[in-house]
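Both complexes below contain chain A, partnered by chain B and then by chain C.
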Partner chain A sequence: MAIITKQARKKIWAFLALGMFSGLLLLPLFLSLPTGASGADPVPAASAKAADAKSVEKSRDVWYKTEGPVVGAPAPKTTDGPKDYPRYNFESRVLLWVGLQQHLYYGSFVLAVPIFCMVVEYLGIISKDKALSRKYDQLAYDFVKISLTAYSLTALLGGIVIFTFLTLYPTFFTYLSGIFRPVMATYALLFIAESGTLYIYYYGWDKMREGFLKWVHVSMSVMLNVIGTVLMMLANSWIAFMQSPAGVDADGRYLGNIWHVIHTTLWNPINVHRLLGNMAFGGGVVAAYAAYRFLTSKTDEERAHYDWMGYVAMFIGVCFLIPLPFAGYWLMREVYAYRQQMGITLMGGLLAWLFIIQAVMIGALFLTTNYYLWQGMERMRGAERYQKYIKYMVFVLIACFIVWLTPHTIVMTPAELKAMGGQQHPVLGNYGVMSAKNGAINTIITTTVLSFIMYQRGNKIPTVKWAPLGNSFLFGFFTMAYINIIWLAIYGYYIPANVRVGLSVPQVASTLSCLFIGVTLNALMLKGAKDTGPIAWGQISVRSQYALIMLATSFTWMMGLMGYIRSSVRLFWHVNEIMRDNSPWAFTHTIGFGANMISFNVLFFWMTILFVFWLGSLGAKKAPVTAPSGQKVPIPASSH
Partner chain B sequence: MLTGKVLGFITALLIVLIGGALLIILPNSGAVQLMHRAFHLGWPGALVIVGLLLYFQFFRKNDQNRSELVFKCVVGLLGYGMLFIAIANYAMNFNDESAGAPGEPRFLPISLVMFTVASFTMAMYFKGVRVLLQIGGFMFFVAACLAGFGNWLPQVKADPPPVEEKTADVKQMSVSERSDLGEKLIFGAVGASGTQGAIGKGQCPLCHGFQKGFLSERAPNLFGVPTRALERLTDPKYSQKDPSKRDTVQKEACPGCGTAQSAAEYIAESHACPNCYVVAGFGVKGTNDKESPMPAIHKPPIALTLDELIAVDTWLFAREGVDPPSPDEIEAAYKKFIPESDRPKPAGAPGAAPAGPVPGAPVVTGDEPVNEIFTKALCFACHTIPGIPGAVGAVGPKLVEKTNAPQRLKDPDYKGKATTVREYIMESILTPSMYVVKPYPDNIMPKDFGKKLNAAAINKIINYLSQLEEGKAPPKIE
Partner chain C sequence: MAEQINQVSTGKKIGFAVISLIIAAAYFTWLDYSLMNMQGLDYFYLFRK
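Moving on to the complex of A and B:
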C-alpha cells in the first residue's frame, strides 16, 4: 500500500512538473492574447491630476491605433555631434555590436541550459532504473555546472553593454529607458530572483538528492526556467519595439500603456524564435563541451560518458533546429504584415544575400549531422551492413550541397565577365535558380532522415512479423519521395515563376512525410528487435568530435548572422519610422564586413567559453558516474 | 632518420630563408611590409621567446630536457610570428579602401586561416593545451570559410538617404520635366520604367507592376490607372457617396475628408490613405481586404513631399498619353486628403521628413567624366569604344553610333520605337533586347542599367556615343 502511495505521489509530482513545463512553453501564447486595453487605457495619476486643470493632450498609437494620453516626450531628433553621439576613435555601432552579441551568446546559453537540465533531471527522477537515473542526474548536474560560470559572465557583459550604450548613444538610451522604465526595473528584480534560484539550485543539488526534496529541487528548475523565459521576453520587447514600435504616437511620444509598448507586433514571433534558437544553440555549446572533454579524457569511462553526452546534446540541438524554420517563417510573415517593404528588403532586396549565406550554413549543418551519424555507426556492432551505402549518400549530399550554394549571379572582374560572356555562367548558372535549390535542399534533408533511420537500426535487426513488408514500404516511400522531389525540380524549369513557387509545397510535403512517417514506422519495426551488440560508447573517432565542434561553431555563426539581419533591416532608424539614426554610422555595411564581424564575435565567444570549459575542468569536483562495463548506457528514447 | 623535430627545424629554417630572401629581393613587396608591421607589433614577445631560447641553449647545458625546451621555443617563435603576421594583416586591411568599399576589408579571412595554422603548429608541441589549441584552430578555420564566403558575394554598402533633399519647384517645370522627375522618383532614373528591378525613392515597383500584362502579385498593376480610377469610383465598395459605409479599417483619410471625385483625387486618396479602399485580393492577408499593406506615401519610411507626389502622379498620366491634371489640381487633391498638420513639409524646410531608402544605389552620380562612367558601368568589358582607354571588348558590338545607329534603324528586323540616333542609344541601354545586333547573342547585356545609371550619366553616354564615327577621331572627353 505504502509503495502505491509513494508511486502515486511521484506521479502527481511528475504531472505537476510536466504541467508547469507545458505552462512555460505556452506562456508566449497566453501573452499573445489580445489585450483588453483599447481606448479605455488607464490614465496615470499624474496626468489625471493635470486633467483637472486642463484637458490632457491625446494622441494615436502608431500600431494599435488607439487614443491615449501623451505622457512622454517626442523621440529626439539627433544630430551628429558629441552631444548625441559621443565616441571613441572607432565606429560606435561596431563596439556596441560586439558587446551585445557577446551578451546574447552567453545569455542564450544560460537560458537554454537550465531547460535541458530540467528535462534531464526529470527523466532521472521518473526512471525506474537506478543506474540510468544516476546517469541522468549526473548529466543534469554537468549541464548546470557549465552554465554557472557562464552566468556570471552574462551579467558582467550585460553591465558592459549598458555602459557602452549609455556612453556612446546617450540620447537614444535616455529615450528608450524613458519609455521602458517600469520594464527595466522588473528586469533587474527578475535577474536577482534568477540568480538566487540558480545558486540554490546548484549548491543544493547534493542536499536535495532524495525523496520529496528532489521534487522540490526539480520544481526549482521549473521556476528557474519561468523566470529565465520572462527575462528573455522582456529583453526581446526592447528590440521588438525598435523594429516595430507600438504604444507611442507618430512623434514617438509614450501614450501611457506599457503593455502596448511591450506587446508589439513582432514581439511574440521573436520570443518563440529566440526560445527555440537558444535551445538549438545551447545544444551546440554543450555538444562542443562534451567533445572537448572527450578529447581530453584520460580513461575509457570518461570517454564513454562524454561521447554519450555529446550525442544527447547534438540530438537536442538538431531537434530544436527542425522547428526553427517554421518559427522563422512566422516571424517573417509578421514582418511582411507589419511592413511589406521591410520584408522585401530582407528577402528580395538589400539583405537578400545574407540569406544565401544562411542557406549555405544550413546545407553545411546537414552535411555535418550526417557525418556525425555515420561516424557514430562505427561504434555499433552490426552497423557495418549499412557502410556500403554511405559513399552513395556522400555523393548525393555533396552534389546537392554544390547546387544549393551556387549563386545566381557572381560579382566578377571585367576580364572574368568577358571570359564568361555574361553575369551568369552558361552551364552552372542554371543551378543558381530556385527550382534547382528547392530540389537540392529537400534531397539533403530526406537523405539526412535516411541516415538517421540507418543509425536507429545500426545494432538492431527487426523481428516483428511485418518487417519485410515494412522494409519494402520504407524503400518504396523514400524512392517515391526522391522521384517526386527531383521530378518537380526539373519540371520547375519549364513553367512560369508564379506557378513554380507552388511546387515547393509538394516537395516539402515529401520531405516531412519521410521524416515523420519514416522515423515512426522504423521505431515501430524496432520494437523488441534483436540486438547485435551494445553501443560501444567512447569508441567513436576523434573526427566525429570535430563534427560536433563544427555544428556548435555553425550554430553560433548562424545566430550571429540572423541577429545581424534582424537588426540591420531597420536600415537608418534607431526606432523604425520614429527615431532616425543621424550618426555617421547609419549606413548598412557590406556583406563582407558583416561576415567578418560575425566571425570575430563567434571566435571571441568561443575563445572565452573554451577558457570557461578549461576552468571547469580544473575544478572538477565530481567524477562522472559511469555504467558498469557491459551495462547498457542510456540514450534518449527516440534515438533507438 | 627524419624525426618530427628534424622536420620542424628544417621547416623553421626554410621559413627563415624564404623570409630573408624576400627581404633582400623584394624589399617593397606587400609580404615584406606585412612582416615589418608584424615585427613592429610583436617584437617584445618575440624578444622574450628568443631570450628563453638562448637561455635554454647556453645556460641549461646539463638539463636533460634542454633540446626539447629549445625546440619548443623555436616552434613557439614560429607560431608567434604567424600570429602577428595574421594580426598585422588585420590591422593593415581593416581600413583598406582598395580592398572593397571604403573601410570594408575583404582579406581578413586570410588572417583567420593563419591563426588556424599557427594554433595547429603550436598544438603539435604544447601537449598540455593541445586539444584547446586544435579546437581553437578548427574554429578559426570554420569562421574563416564563412567570412570568406561572405566576402566573395556581391558587396553593396547602402548609405542612408540624405536628410534634406531639395526638389525644384514642380510648378515651374514643363509637363515632360515633371513627368521625368516622377519617373525618377518611382524607378530611380529617367527612362528606367521598362527595366525590371529598377526602383527609386518612392519604392513603388517593390510591389506594383507598371507594364501592360505584367504579373503583379503584391499590389495592383498600375498600367491604365488614369482611366481605371474613374471605374473604381463607381465601385459599390468604394462607396463614393457615404464613406462611413466603407467596410475598411479606415473610412476616410481624415475626418470629413470625404471621397474622391476625379481620377487625380482617387490617386491622391490612394497615396494618402491606402486603407480607405483596398482593391479586391490585395489586402493584408486575413483582413478580408479591409486593410492595405501599403504605407501612406507622405509618411515615413517613404515620405514623399507634395511636390514629389505631384511629379509621380503626372508621370502616371503622361506615360499613357493622357493629359495630366495641372500641378495645382493635383496639389488641391492631396490637400483634400492630407490635413494641414499631417502634410509633408517642403523638402529642405526645418523638420522635413527624411527621404526613403534607395536600395542598391546607382554606381555613378553622373557628375563624373564620361570615361569614368563607362569604366564604372563596366561597358568597356564587352564593347570597343573609341577614345576610352581599355575599352576593347569584343563580347558586344563596337559602339560607333553615329555610323551604326542610322543603319540599324533602317534594318527590317528593327522593331524598336527609336527614330533618332539618341533615342536608339537610350533604348539600347535601357532595353537591350529590343534590337540585338547580329551576330551577337541576346540576354548578354545586363538589363538593369536604368537602375545603375541615373539620367545625367545616361545623357553623357548618349552625348559621347552619338558623336563616334567609324574612321574618325573620337570627341574630347568631358
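Moving on to the complex of A and C:
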C-alpha cells in the first residue's frame, strides 16, 4: 500500500511538473496575444471613427503591400560619430562578428544535442534488448551532460552580444528592439522555460529512470525541443528581417502587425536551413567529443563505448547533412525571388568566390564521411569482401570533387588572361558551370549512399529467398542512377538556360531515390541475415577518429563561412533598403580577411569546447556500459 | 540459406541484372520527364528541335 501511495505521489508530481512546463511554454503566447491582436486588427471598428477623427496616418508594407497604421518611428538616419557608432580603438563590426559567431556556435550545439537526446532516449525505451536499452540511455545522458556546460556558455555569450550591440551600435539596436519588443520579451520568457526544463531534465534523470516516470522524462525532452526550436525561430526572425524586411513601410516605420515583421519572405527557408545545419553541426561536435574520449580512453570498454557513440553521432549528423544542400537551394531560390540582384551578388558577383570555398568544404565533408565509413568496416569480420570496390569509389569521389570545385572564372593578371585566351580555360572552363557541378555533387552523394549500404552489409549476408534478385536490383538501380545523373549533366550543355535549370530537380530526385529506395531495400534484405561476426566496437583505426574531428571542424568552418556570406550580402545596409549602415565599416572585407576571421572563430570555438569537454570529463564516471556478450572489444589498431 | 544464394547460376544473375537495368531505366526516364513537366518544362526539348 505504501508503495502504491509513493508511486501515486510520484505520478502527481510528474503531472504537476509537466503541467507547469506546458504552462510556461504557453505563457509567452498569452502574453503576446494583445500585441498580436492589435497587430492583426489595429483599429477596432468601434473606435474607427475616433481614429479617423485623429487622422491616424496609414502607410504601405514594403513586402506584404498591405496598409496599416504607422505605429513606430522611422528608421534612424545614422551618421559616422560617437552618437550612433561609439567605438573602441578597433573595428566594431569585427568585435560583434566574433561575439555573434561564438554565440551561434554554442546556440546551435545546445539546440541540436537535446534533439539527439530525445531520439536516443526514446530508442532506449522502445528497445526490447535490456543491455541495448541501457546503452542508449547512457548515450542520451552523455549527450545532455556535454550540452549542459555549453548551455551556460551560450547564455553568457548572448549577454556579451547584447552588451556589444548596446555599446557599439546603440541607434541600430534601439530601432530593432523597438520593432521586435514583443518578440524579445517572448524570447526572454522562453529562455527561462528552456533553462528550467533542461535542468530538471538533466538532474531528474536518475529519479525518472523507470516506468511511467521515464515517459514523463521523455515528454520533457519533447517540450525542451519545442521551446528550443521556437527560440531559434524567433532569433531567426531578426536576421531575416534585416535581410528581407516586412511589416514596416519604406521609411522603416512599424505598421503594428508583429506577425508580418516575423514572417518575412526568408524566415522559413532560414528556419529549415538552420535547423538542419544545427543538427549536422551538433552531430559533428558530439562525434568529435566521442573521438576525443576514444583517443584518451584507458580501457577497452571505454573505447568501445566512445567508438559506438562517435558512430551514432556521425550517423545522425550525416542524415541531416544530406538534405542540407537542398534546403540551401530553397533558401537561395527565395533570395533570388526576393531580390534578383541579391542572388547575383551572392552566386555570381562579389561573394561568388566564397561559394567556391564552400564547395571545397562540402566536398571535404563527403570525402571524410566516406573515409570514416570505410575505416569503420575494419571492425567487421566479413567486410573485407567490399575492400576491392573502395579504390574505384575513391576515384569517382576525387574526380567529382575536382569538377565540383572548378571555378567558372578565376582572378588573373592581364598577362595570364592573354596566355589563357580568355577568362575561361578552353578545357577546364567547361567544368565550371552548374551542369557539371550538379552532376558532380549528386554523384558524390550517391556514392556516399553506396558506402553506407556497404557499411550496413559489412558483417551480414542476406538470407531472404529473393536476395539474388534484390542484389541485382540494387546493382541495376545504382548503375542507372549514375547514368541518369551524368546524362542530365551532359544534356544540360545542349539546351537553353531556362530549360537547363529544371534538370537539377530530376538529378536531386535520382539521388534521393537511391537514398530511400536503396537503403530501404537493403534493410529489408538484411532482415534475419547471417552474421559473419559481431561488430567489434573499439577496434577501429585512430585515423577514423581524426576523420570525425575533421568532419566537425569542416562543419564549424562552413557554418562560419555561410553565416558571413548571408550577412555580407546586405552590403551597406543594417536593414536592407530601410536603414543604411553609415559606420566606417560598411564595406565588404576581402576574401582573405574573411577567411582569417572565420578560421579565428573556428579555432576559438574549438579551444573553448575542448575546455567544456575537459570539464565534462572531470565529473565523468567510468562508462558503465559493457559490450554485449559475444562482442569482441580489442585494443584499436595503433600503427598508422 | 546463404550457401543456396551463392548457388544461383551466373546466367540467372545476369538475367536479373538486365531486367533490373530495364526497370531502373524506365523509372528514371519517367522521373526525369514528370519532374520537368511539373515545372512546365519540356524534357525532350533537344529532340523536338
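The working rule: the second predicted complex is superposed on the first by the 516 of 640 C-alpha atoms of A that agree within 3 Å, B and C clash if a C-alpha of one lies under 4 Å from a C-alpha of the other, contacts with A are read in each partner's own complex, and residues count from 1 in each chain.
Just so we're on the same page, a contact is a pair of C-beta atoms (placed from the backbone, for glycine too) under 8 Å apart; a residue touches a chain by one contact, two chains touch by 3 or more.
Just so you know, these numbers come straight off a predicted model, no measurement behind them.
By the touch criterion defined above, A:Arg580 lies against chain B but remains apart from chain C after alignment on the C-alpha atoms of chain A. More residues of chain A lie in contact with B than with the other chain of the pair chain B and chain C. Contacts of A:Val505 after superposition on the shared chain: chain C is touched, whereas chain B is not. Residue contacts after overlaying the shared chain place A:Gly476 against chain C, while chain B stays out of touching range. On chain A, the surface patch touched by chain B in one complex and by chain C in the other comprises residues 496, 498.
By the touch criterion given at the top, residues 100-101, 103-106, 108-109, 112, 131-132, 134-136, 138-140, 142-144, 146-151, 153-161, 163, 203, 206-207, 215, 217-218, 249, 284-285, 293-295, 299-302, 351, 354, 357, 359-360, 378, 380-382, 393, 395, 443-444, 446 of chain B touch chain A in their complex.
Within the complex formed with chain A, the residues of chain C that make contact are 1-2, 5, 8, 12-13, 16-17, 19-25, 27-28, 31-32, 35-36, 38-39, 41-42, 45-46. Across the complex, chain A meets chain B through its residues 65, 77, 250, 288, 291-292, 295-296, 336-337, 339-341, 344-345, 349-350, 353, 356-357, 360-361, 407, 409-411, 414-415, 417-418, 421-423, 496, 498, 546, 549-550, 553-554, 557, 571-573, 576-577, 580-582, 586-596, 598-599, 602-603, 606-607, 610, 614. Partner chain C is touched in their complex by these residues of chain A: 461-463, 467-469, 471-473, 475-477, 479-481, 483-484, 488, 491, 494-496, 498-499, 502-503, 505-506, 509-510, 513, 530.
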